[in-house]
Amino acid sequence: MAERKKPKLAVWKFASCDGCQLSLLDCEDELLAVADRVEIAYFPEASRATVKGPYDLSLVEGSITTPHDAERIHQVRRMSRFLVTIGACATAGGIQALRNFQDVREFTSLVYASPQYIETLKKSTPIDEHVPVDFELRGCPINKYQLLEVLNAFLNGRKPNIPDYSVCIECKRGGNVCLMVAHGTACLGPVTQAGCNALCPSYHRGCFGCYGPKERSNPSSLSERFLQMGWEHSEIVRAFRSFNAYAEPFRKESEAHETKS
Amino acid sequence: MAARQDPMIPLPYRIETVQRETGDTFTLTLVPAAGDQIGPFAAGQFNMLYIFGVGEVPISISGDPSESGKLVHTIRAVGSVTRAMQRLKAGQVIGVRGPFGSSWPLEQAQGNDVVVIAGGIGLAPLRPVLYTLVKYRERFGKVILLYGSRTPEDILFRRELEKWRQRFDMEVSITVDRATGRWRGNVGVVTKLIPRAPFDPYSCIAMVCGPEIMMYYSVLSLKDQGVPTECIYISMERNMKCAIGFCGHCQYGPYFICKEGPVFRYDQVESLLNKREI
Amino acid sequence: MKPNPKTQTIKVDYLARVEGEGALYVRIKNGKINDLKFKIFEPPRFFEAFLRGRRFTEAPDITARICGICPVAYQMSSIHAMEKILGIQISGPLRELRRLLYCGEWIESHVLHVYMLHAPDFLGFPDSIQMARVYPDIVQTGLRLKKIGNEIVRVLGGREIHPINVKVGGFYKIPPRKAFLELLDDLKWARDAAIGMVRFTAGLEFPEFERDYEFVALSHPDEYPFNEGRLVSNKGLDIPVDAYEDHFQEIHVEHSNALHSVLKARGAYFVGPLARFNLNFEKLSALTREVCRDVGLIPEVRNPFKSIVVRSVETLYALEEAIRIIEHLEMPEAPAVDYSIKPGTGHGCTEAPRGILYHRYTIDAQGIIQQARIVPPTSQNQKTIENDLYHYVSGHLDLPKEELTWQCEQTIRNYDPCISCATHFLRLEIEEVE
Amino acid sequence: MVIIDTSALQNLFQLLADEEYQLIGPRISDQAIVYDRIHSPDELPIGWTDEQEAGRYRLKRRNDSHYFGFVVGPHSWKAHLHVPVQKLWEAQRDGPSFEVRLHNDSPPKMAFIGVRACELRAIAIQDRVFLQGTFIDSHYQSRRKNLFIVAVNCTEPGGTCFCTSMNAGPRAEQGFDLALTELVDKNRHVFLVEAGSARGQALLERLPHRPASEADRQLARTLLEKAAQRMGRQMETEGLKERLYENLEHPRWQHVAQRCLSCANCTMVCPTCFCTTVEDVTDLTGETALRIRKWDSCFTSDFSYIHGGSIRSSTSARYRQWMTHKLAGWQDQFGTLGCVGCGRCITWCPVGIDITEEARIIRESTVNP
């Protein structure tokens, strides 16, 4: 093939646990092949060398929680031809968005001895509340095969095969016995987006929603079922209030039950 | 070749020419790259075109059915696969499966007036009809083409349209949604041209292709003129993953668009066309 | 570049090859350091605050999100704390499986650090990908070793990052024995490769740098510590885990979003591989000790740059331990033990790859968390890192700035600091700042 | 028809294994009766049954030792014939061109043990889709062609069964090699066996058997008649197709959309649902491309996506598509209904939506346009 100029890849971090970008280093079998096809131009977790922008593809991890980051994301956008957000923090605000339901000043003083040193925003927000995003890869953490698929699709100019349907589809394709129906175990699979290959149900554990709401998610019907199964409203609030708590369908559902609990 | 036997295996076709039609639309001429070729097609049928590693999409055949060996496709770049097609160059190879689906009723049209109504890229699947009408002109009554385009710049097949317009035995009217530049022609939706068109509503065949909403109003207008629904044909579009009736995506009420369609006689689908989200 | 200017500043805006976001600022005036800050500006994420009101069963999954590099450690420390409250004792195969999971995380994390984050410093590369161009075999070996660590976590935990299979009382599901046995061949290859890893790292060049640290680690009568033990140090500390807060204290400093942890009695201390190694050498397997002696690595190792060798040693040990566990594995009768909820306060401390990770929780009669406190290893090392930097820079002021900067970074990387977790060590009581 | 003892099941398994059939049959796993590889009749769920209701499934001990004293579970046989994920072909780049090679996974010879009447009908329906149209699906064909089917008649229908309404059971009429009816009373535990093919007949002759008496046949008939009267659900199909076509805008579709999760479980568990999607993927070098086919569902947004958006973006439109296809469109497309009354979609819907109930409400309350 003709020697093409390698596209430049940048990996950015905002408030997060680093797990999603680590997924790239966890592609042990493919990492060197990836490095062959793209120029890893900015990836502080992996390299102290940096190549100046603009970048062809930016992977953005983490949510916006400080005034400084709210500025920085605009710079990142300006430097990036194609911007992909990775993980629940970047796509939904992450676990740290639990602060959005409470008074952050109180949080800070609970946690830090000298809260005056801490500069933070009231809310933890997903990247697309600040800048346009070209593609969102969900998950807490993302699935490394899905990440490779996104890179691959980008390199080949095609649409990534990242479905937005329910976890149940993957669960059933995998031949699992449904936990909800056969064991009476509460499972968020029917309202959660696929991508993990129905990991939790495969381990006999109800899905707890790491990939956030599927398209046309209908959490209120599922909650109704949970109530019939003996759940309390407060349990429903907690179930929808985890890593994707601030994603709208989950947020609304937890708020609806908060008033009842 | 074993590959031939499975209907999901694309056959390699080499791009002979790439013709730019408008800003976002282009025409590919394809010839078999490895000897094997797909069977003959009828006006209105489509092929599945595959770009290596990118994906496969259904595209109508826009060439002349009587010209064998060559395949002509006119494509509007709207998404990932069609945009990748826009970047293709002569000499490259793409995959072809087909031809699939039903065709325009050229047999029934014989001896009748023929009204061809197209909107936007909808002219592409109707071009084989026009080629046939012109070629066997004497077999048909009046031949009328009504074509609506978004702007004058989006008009497809300009040279051919001009040629047909100059023929004394064809009536060609073009309208644009939005006039720009030096456009002095009709402005407005294509349905407005229907009442003025000189055809015999009681002895005609109408063939309509374009966006669903445009087809719906065109048919209303044709019916107003007195054209019986059995004489009106439209071409439908749905998502397709296989084009051979296995994937289920193209279902439209009781039909598979890849099998019973894309061309339907209007009364087949009348009860569905005015329903939302069918 | 002119050496020894009157005033010079070393500024590293983004520390590379550490997890999370930190920066380093050193000001040197007239040949003396007049300001040094190891800054952590990773935004705060308030874990301890929002743990309140959650059910005790949720703590393992929530705290795992503090750090994507060592989620198992977070899950384990929180589970142990909860089990203390509930009076659950895990023994037999379930305990062995937890140890196995920990082995997986150590292998994965240590190999990541050794090959991808730290070795490039020693060999003069900006990253392991550049390094792979010159030393493809070394990097390939590293990647393969890392994958094996990840495989253990994946089989037992469901996935490498934020595993889903552990819970208070045990596991959700025990994978079939076959799944473990299938790992054995790779593990045995890896054991040999890890011996090579120890030799390779021991052969690197180390700066002359030693300090008199207080090393703190868990210590268990029979085992090299993962999940259990007393907290001990080389300066006489010997306390049960639940006395942690009597002896340690955190201070919030202005320049950092992270809290500094100190020993109330003696100040800065050192946790992590070097501390474990120095305090538990005799508990390593015979083979591992032999390899150590071969390369001349015996306690007390006081050069923090040599932590890369110790990490390799611990990788070897974890591989041996994983093989031992799998070869002797009995399948547990049930994936988890039964228990009933009762209120109380519990402490958990386990050995994350980077050092001790302390959790304390108070739950009510419904199992709802009332209070939570987490002290991760990086915050415990932070003061020591600053001290190291101070001493290192003072001793090397003659180096060209470029080189000194790189070595400062390397000094920080000695601790494999996981900055993303450092900001999540949060306390609940407001303490007086003196 | 002949009688065999339960011990002859072992012989049957052995004979099939000798002919290199891979046996797939019911087995208990994860608190349900699933279809999986089995090797001996001991692995069958002897003495177990399943209780099924809308959105609920529980295993329960029987107080006898029936081999097949349960109904259909979470799996259907389609997982073995129309597999959930199928690689279709692989292509290799070759200069400006490429070469495509059909993927051939040379499936094993399979013997299905314990196929119910509704499931036989479902297999026949999928045969119709994949083997009897203009095009033939070679992947389905290669799995289907060496299939040996041991059917089992249902003498105790489940809580969500309605095969009688769909004319699909409870008796296996055709499409099997052998069909068993389990006869149990105080004194004996035997199977009445009927051969449905020459292959089945030949095999049967090699099993220890004795002729069936008229009383045996009568007993089987009575059991099946009783079963037919005890279906947990019912559906009136007369004129249903027309009613559905007339009611594409019935308010009930909105009502069901409130409850429906558009999770697609119903379509995944349905033994006749055949829809798929394809994924065109590449490796990192871009030199190799694959086409993979996966089970898809009309409940996803991508299913009806065309440039500009999803045609069926609302859940009501998706549910309507599913149900009208099953109970109306299918008739026009394939000359048979797409539902065999197995009840899986009712049992395995996490919120217990019931196709029989939805169909009944629409048919009983035609709204004026």
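By written order: A, B, C and D. Residues from 1 in each chain.
Here is the rule we go by: a contact is a pair of C-beta atoms (placed from the backbone, for glycine too) under 8 Å apart; a residue touches a chain by one contact, two chains touch by 3 or more.
Since the model is a prediction, treat every value here as computed from it, not as a measurement.
K.L.:
Quick check on the contact graph: shortest path length from chain B to chain D, in steps?
P.N.:
1
K.L.:
Weigh A-B against A-C on C-beta contact pairs and write down the one with more.
P.N.:
Looking at A-B and A-C side by side, A-C shows more C-beta contacts.
K.L.:
Just how far, in Å, is the C-alpha centre of chain C from the one of chain B?
P.N.:
Taking the mean C-alpha position of each chain, the two centres sit 65 Å apart.
K.L.:
Distance-wise, how many Å sit between the C-alpha centres of chain C and chain D, to the nearest whole number?
P.N.:
Inter-chain centre distance comes to 52 Å.
K.L.:
Averaging only over C-alpha atoms, locate the centres of chain A and chain B and give their separation in whole Å.
P.N.:
42
K.L.:
In angstrom, rounded to a whole number, how far apart do the mean CA points of chain A and chain C lie?
P.N.:
About 25 Å, centre to centre.
K.L.:
Residues of chain A that touch two or more other chains: which are they?
P.N.:
Each of 156, 158, 204 in chain A touches at least two other chains.
K.L.:
What are the residue numbers in chain D that touch two or more other chains?
P.N.:
Within chain D, the residues that touch at least two other chains are 280, 282, 286, 302, 313-314.
K.L.:
Give me the residues of chain C that touch two or more other chains.
P.N.:
Answer for chain C, listing residues that touch two or more other chains: there are none.
K.L.:
Which of the chains touch, listed as pairs?
P.N.:
Every pair of chains meeting the touch criterion: A-B, A-C, A-D, B-D.
K.L.:
Within the complex, which stretch of chain B touches chain A?
P.N.:
Within the complex, chain B contacts chain A at residues 53-55, 79-81, 83-84, 87.
K.L.:
Would you pull the chain D residues touching chain A in the complex into a rising list?
P.N.:
So the residues of chain D in touch with chain A come to 29-32, 34, 55-58, 74-75, 79, 84-85, 258-265, 268-269, 279-286, 294-295, 297, 299-302, 313-315, 347-348, 350-352.
K.L.:
Okay, in this complex, where on chain A does chain D touch?
P.N.:
Checking each residue of chain A against chain D gives 1, 30, 33-34, 36-37, 148-149, 151-152, 155-156, 158, 161, 163-166, 168-169, 172-178, 180-184, 187, 189-191, 204, 214-216, 218, 221-222, 224-225.
K.L.:
Over in the complex, which chain D residues touch chain B? Could you list them?
P.N.:
Checking each residue of chain D against chain B gives 88-89, 91, 93, 96-102, 129-130, 133-138, 245, 248-249, 274-278, 280, 282, 286, 289, 291, 296, 298, 302-308, 311-314, 316-317, 321, 324-325, 328-329, 331-333.
K.L.:
Within their complex, state which residues of chain A touch chain B.
P.N.:
156-159
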